[in-house]
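First chain A sits with chain B, and in the next complex the same chain sits with chain C.
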Partner chain A sequence: MKTKNKVNRRRPSQSWRRRLTPYVFIMPNMAIFITFIIWPALRGIYISFFDSTDGRTFTFVGTANYKAIIGDPTAIEVARATATYVVFYVLIATTLAMFFAIVVNEQKFAKGFFRAVLFLPVMLSPVVVGLIWNDVLDRKVGPLNALLEAVGGGSPGWLIEPKLGMIAVIFVGVWVHLGFYSIILLAGLQGIDRSLLEAASMDGATRGQIIRLIILPLLKPTTLVIIILATIHGFQSFDFIYTLTGGGPFGATTLIVQYIYDHAFQVPIQYGLGSAAGVILFMVIFAFTALNFLLGRKRDAI
Partner chain B sequence: MRSLKLSSSKQKWTSASGKRPPTRAEIIRTTFLTVMMLIILAPVVWFVLSSFKDITDLSSRPPKILPTHWAFENYTEAFKMYNYKRYFMNSVFITTVATLLTLLINSMAAYAFSKYNFRGRDGLFVMTLAMIMIPLQVILIPIYLVVSSLGLVNTYWGMIIPAAATPTGVFILRQYMLTIPDELIESARIDGAGEFRIFARIVLPLARPALAVVAIFSILWRWNDFIWPLLIAQDERLYTLPVALALLNGQLVVPYNIVLAMSVMSIIPVLFMFVFMQRQIIQGIAQTGLK
Partner chain C sequence: MKMQSLRSKIAIGLSVVLSAGLVATGLPSAHADTSGLQPTSAQLSAWKGKEITYYFYNDSQAELDITKAQIADFQKLTGATVKLDVIPYTSLDTQLQARIAAGNAPDVARLNNPGLYQSVSLNLETYMGRKYVDEFLKGSTFQVTDPKTKKLIGVPYDLSMNGPIINVDQFKKAGVAVPTSWNWTQLIAAAKKVQAANGTEYAFAMDKSGHRFSTILSQFNSYMVDKNQRNVLPQSKTRAIKTLKLITDLYKADLAPKDLWIGSGTKYASPVAVFVGQQVPVFFSGNFNLATLDSTAKFNFQVVPNPKEINGGGWPGGKFLTAFNSSKTPDLAAYFLHYLADTAQMEQMDKGAFWLPTRKDLVASGIKYPKRAADMDVYLADTGSTPAAAYGIQSVPTLTGLIYNYLRDLMTDVMGGKITAAQAIDKQIAFIDAQLATLKK
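Right, the complex of A and B next:
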């Protein structure tokens, strides 16, 4: 860490009271960290080996919760739905974000306005997102189907048929987060030295060549960041799906976080099983983050 | 309009020659972007228009784009009915108190990490960074059990405290405070100022840009947060706006047109914040890549 040098490394020779001061400063923050993040995280691992229906009495069951998840056909469905969602979400969101970032970056007229519009959905509450899209995708009175009917496309039941439900959820997920990733990429683009691009265009490189051979390679660190973020967001998606489809139709859009939520807060309550699913989710997110990171690094080395 | 002036005065790499009539590529690009932005905006615009429709308009088929009669009464009704003011004030209260608390404890911790030398500092800092990786959703159950064993379920504090210490907030503020010269703090010490006085009078004012970023993220997140208040607020009097909107709509106790009006009103405060603080929000995201 470069910044370390700036820290005052001299041990203060003052009284014990002076030496206590930094601990007083970090105490409130650390107390909350320990009580509400670290301790629960450790406890989550611990109770994943127990069975509990009330949060008070715990019966040790060994790895039974993990085995139950692996043997649970619902969990397999959830894993499939989560995988489908994450793959399409990450691919579409990062590609579109990259595309929009490059186009908006070249834009001169009303650039700030376009950027603001792109960002607007990021600021909406998941509840409002759910309400908006329920309204828009409504089979009978929604504007989307009205448009489709006008061009003879029928009136698909977006939130009624399982396959369409998944498509709708992926689309809305992308819609919500697109502006967020685009803004990170735009910042990355702004960091690219313009003289490089001017030199290339003087040498007769086409716009496509400049994008492919100069911009994309230079943007790789930022791209890696948004791929990692999108993967994490993808695996954690829950709230707007919950308000949009409630995990339906027929469980088609129930992803892993909702599986955890349902086991913890819907009858029959199974804290242990839910916690085990939480541990699995954490390991999966961790593995994918590490994988993305390593792949990104490796390609840099070549 | 301002962005228009700004962009024409600056030279962008895409155009070598500043002031000439727009090229065909520029026209195509602007048209394309306008169409794409309309697609992105359309659902929100539709939603806002819907909030001015009465029940008959809302169920008309094919749907009407503009309301036949502008039902402003949706809004006045929303204010009169269903404890809307209460939910709104709950959201305001929780967002305000939580953000102030976050700013206070995060900046205190950041100050210790950036300007003091103490045993365990680096270890604790690494631990803070590691916590960024633990998603709240994963530990929903154990956090809930902790909160419940502390008797904080169904209280404002149960909604406010658990997420008040944000690892990212500490990180942003610490990085910023590293740039404050040590000499400034040393000289205040020589002048006899106490440690807390230095923190409050010198460090906090200087860290204002970073505090603004942390505040914006905290406000956005708290205002919109759904899962946590949903779990903690079991008594209807404690509902925040998102919780109330989701539950009222789900239970069908409130007419849909009123729910729409309530939702649109719940967007307005964050929209205002965005309009006025767009630059800070965008810079903050760009610098830290966090939500």
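Right, the complex of A and C next:
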């Protein structure tokens, strides 16, 4: 009886400790996350209902900042440019990342070298990337146009024509992140059981059929991750664009984050309006991510 | 001797003109009634071990090097430490406004738009006395005089003057004489001829700046704001349209670096690298680029007089030193500012970085520039012939940056064919009206 009583007294204590332990482990991380991410985000939502030109005095304006954004023709242009950028960026980046992942996966010679080359742009500072491509794409003295002129391709104004400006930032955006997405997909590819591919090959499946009917379906969860990441990166693109085009030509490459930056940090400062635009960006990214995730899960269930 | 005499005349003329500029804008000067700042031994012992932050941007390496040397001397003198925060010019106001909003303002800053910081600037008269302002050229203190309290909230650190700089080697090769006086038609014709003879990419380049373009507007007798804070652009609308068209047409015709201007979005951009790379023979900029050119250009260049149309001369500008009222050691911050702007330090900086002085004593004695003295004389002469109306916009120190930047962005739209020059000027008029209306609220 004595022993039984002892056991009964210890059990709740051990159980409580066991339940608490994981929370203790994640507590430092959560403390940092709450302090530097959650709290500022909540403050941002709060500030979006105020007007402030100096960050020290705030006047409550209700939803006026949101209404101002909706009624701002520049914001409409920015939304259009952002949508264009995100759609093409996600499509091109995902497709090319898949292509390069498959190619690199089958590489027999200098495997490490090609992977390093593919990943190299990821390691560059986005600011530097913008500056480098600004030089490369210069209409008169840039090496790209020198090359194009040599083959009779003329001298396109990459940085002064609105449509070409958008093409340029999409290209550079893809160039920057391609290696990152490819490496993730490569990891997914290497997780596919080789015996499945060998069996298909022995059954007479062509290379195309193997990719289309085996590799792509099995890579679906990884591809979904890439699409979600690319969508988030697309909406958040700013740094390299700012140094590449400054949002020009004529605002054609001013995306939502630069719109936020311009209003929140450039004179005349409008912290409330910048915060409201930030909240809108958060809601859009959240909605797209949730949609991607739900559609992906639905397809998996089918 | 002859040159010295010329400089003295120019210096006296400069003083008179800047004083006239003050009268023109109607801003009062502070009346002297107390003595200047002198640190006491008690202050010196209290400052020992204290640290202040100096928020600084530089146009040239020379400015940075001299500043570092002066800080080292100041630290020896006071026992205090000065932490130098070097900020790129393009993000100067962005970063400073964010720091102030976050309650992390520096103690002292070098600014080009001090009007933005009026409400957080230290009243220097508390520390320096009311006489202190009289040490500076009156015209140069407009932007650091609080329009409401009339107190001195900063110090004019240097005076800048806009104007053309030419590649002398390319001019010689083209057989075009270095101009001693010219108008815009002659400037453009010469630039095109030199471009053709040397095969340069462009004929003309200017800083992407509404401030720089205002110089040309002034030469065509067109101004945006007068001394009474009124929008005067409608009065010279036709001339403004003509001037805007004159410059934007150069860009449209690829005679000027369109990529640099349009391709940098809404950011400031300077074609200094284009000029250094000998891709353009005429660079419309100012004395603030002289030190950089002097150290980097591998060819002969020279400052030439501003073109004269209805008016000659350049456009006033400058940099300012401001201390912030959130400083934990405001007396030390004020003394540091006083130190940087005293006669010896300013003379050292002016000589090394090709700045124009703002102190009356230096203007009176004249700065003996060890290099490029002839170039500096051109700037001094242009300062003397700058019309008083050019100082009018300084009557709205909180709006100058906004008005210049809006004009710059409209120029971009005209270059891209999005709007006409006439539409741009109409928009600028409406914008100035809207901005001036905010002052009345």
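By definition in this document, the second predicted complex is superposed on the first by the 267 of 302 C-alpha atoms of A that agree within 3 Å, B and C clash if a C-alpha of one lies under 4 Å from a C-alpha of the other, contacts with A are read in each partner's own complex, and residues count from 1 in each chain.
Just so we're on the same page, a residue touches a chain if its C-beta (ideal position, glycine included) is under 8 Å from a C-beta of that chain, and two chains touch if they have at least 3 such contacts.
Here the structure is a predicted model, which is why all the values come from computation and not from measurement.
Asks: Could you tell me if A:140 is touching chain B, chain C, both of them or neither one (first, second, both, neither)?
Replies: In the superposed model, A:140 contacts both chain B and chain C.
Asks: With both complexes overlaid on chain A, does A:55 touch chain B (first), chain C (second), both or neither?
Replies: both
Asks: Output check: A:198 vs chain B and chain C. Expected answer is one of first, second, both, neither. What do you get?
Replies: Only chain B is touched by A:198; chain C is not.
Asks: Give one of first, second, both or neither to describe whether A:248 is in contact with chain B, with chain C, with both, or with none.
Replies: The answer is second: A:248 touches chain C but not chain B.
Asks: On the A-aligned overlay, A:295 touches which partner chain: chain B = first, chain C = second, or both, or neither?
Replies: In the superposition, A:295 contacts neither chain B nor chain C.
Asks: Which partner, chain B or chain C, is in contact with more residues of chain A?
Replies: If we count touched residues of chain A for both partners, the winner is B.
Asks: Once chain A of both complexes is superposed, is A:21 in touch with chain B (first), chain C (second), both, or neither?
Replies: It touches chain B, and chain C stays clear.
Asks: Just chain B (first), just chain C (second), both, or neither: which does A:160 touch?
Replies: second
Asks: One more residue to check, A:121. First (chain B), second (chain C), both or neither?
Replies: First partner only.
Asks: So in the superposed three-chain picture, is A:271 touching just chain B, just chain C, both, or none of them (first/second/both/neither)?
Replies: Both partners, chain B and chain C.
Asks: Where on chain A do chain B and chain C both make contact?
Replies: Touching chain B and chain C on chain A: residues 55, 140-141, 265, 271.
Asks: In their complex, what parts of chain B are in touch with chain A?
Replies: 2-4, 6-8, 12-16, 22, 26, 29-30, 32-33, 36-37, 40-44, 46-47, 50, 58-63, 65, 104-106, 108-109, 111-118, 121, 124, 127-128, 131, 133-135, 137-148, 161-165, 167, 170, 175, 178-179, 182, 195, 199, 220, 223-227, 231, 241-243, 245-246, 249, 259-260, 263, 266-267, 270-271, 274, 278, 281-282, 285-287, 289, 291
Asks: Name, in rising order, each residue of chain A that touches chain B in their complex.
Replies: Checking each residue of chain A against chain B gives 3, 6-12, 18-19, 21-23, 25-26, 28-30, 32-33, 35-41, 43-44, 47, 55, 100, 103-104, 106-128, 130-133, 135-136, 140-143, 146, 149, 175, 178, 180, 183-184, 186-187, 194, 197-198, 201, 225-226, 229, 232, 236, 238-239, 243, 257, 260-261, 264-265, 271, 274-275, 278-279, 281-282, 285-286, 289.
Asks: Please output the residues of chain A touching chain C within their complex, sorted ascending.
Replies: Of all residues in chain A, those touching chain C are 54-56, 134, 138-141, 157, 159-160, 165, 242, 245-251, 253-254, 262, 265-269, 271.
Asks: Show which residues of chain C lie in contact with chain A when the two form their complex.
Replies: Per the stated touch rule, the residues are 93-94, 97-98, 100-102, 113, 116, 119, 201, 257-259, 262-267, 279, 401-402, 405, 412-413, 416, 418.
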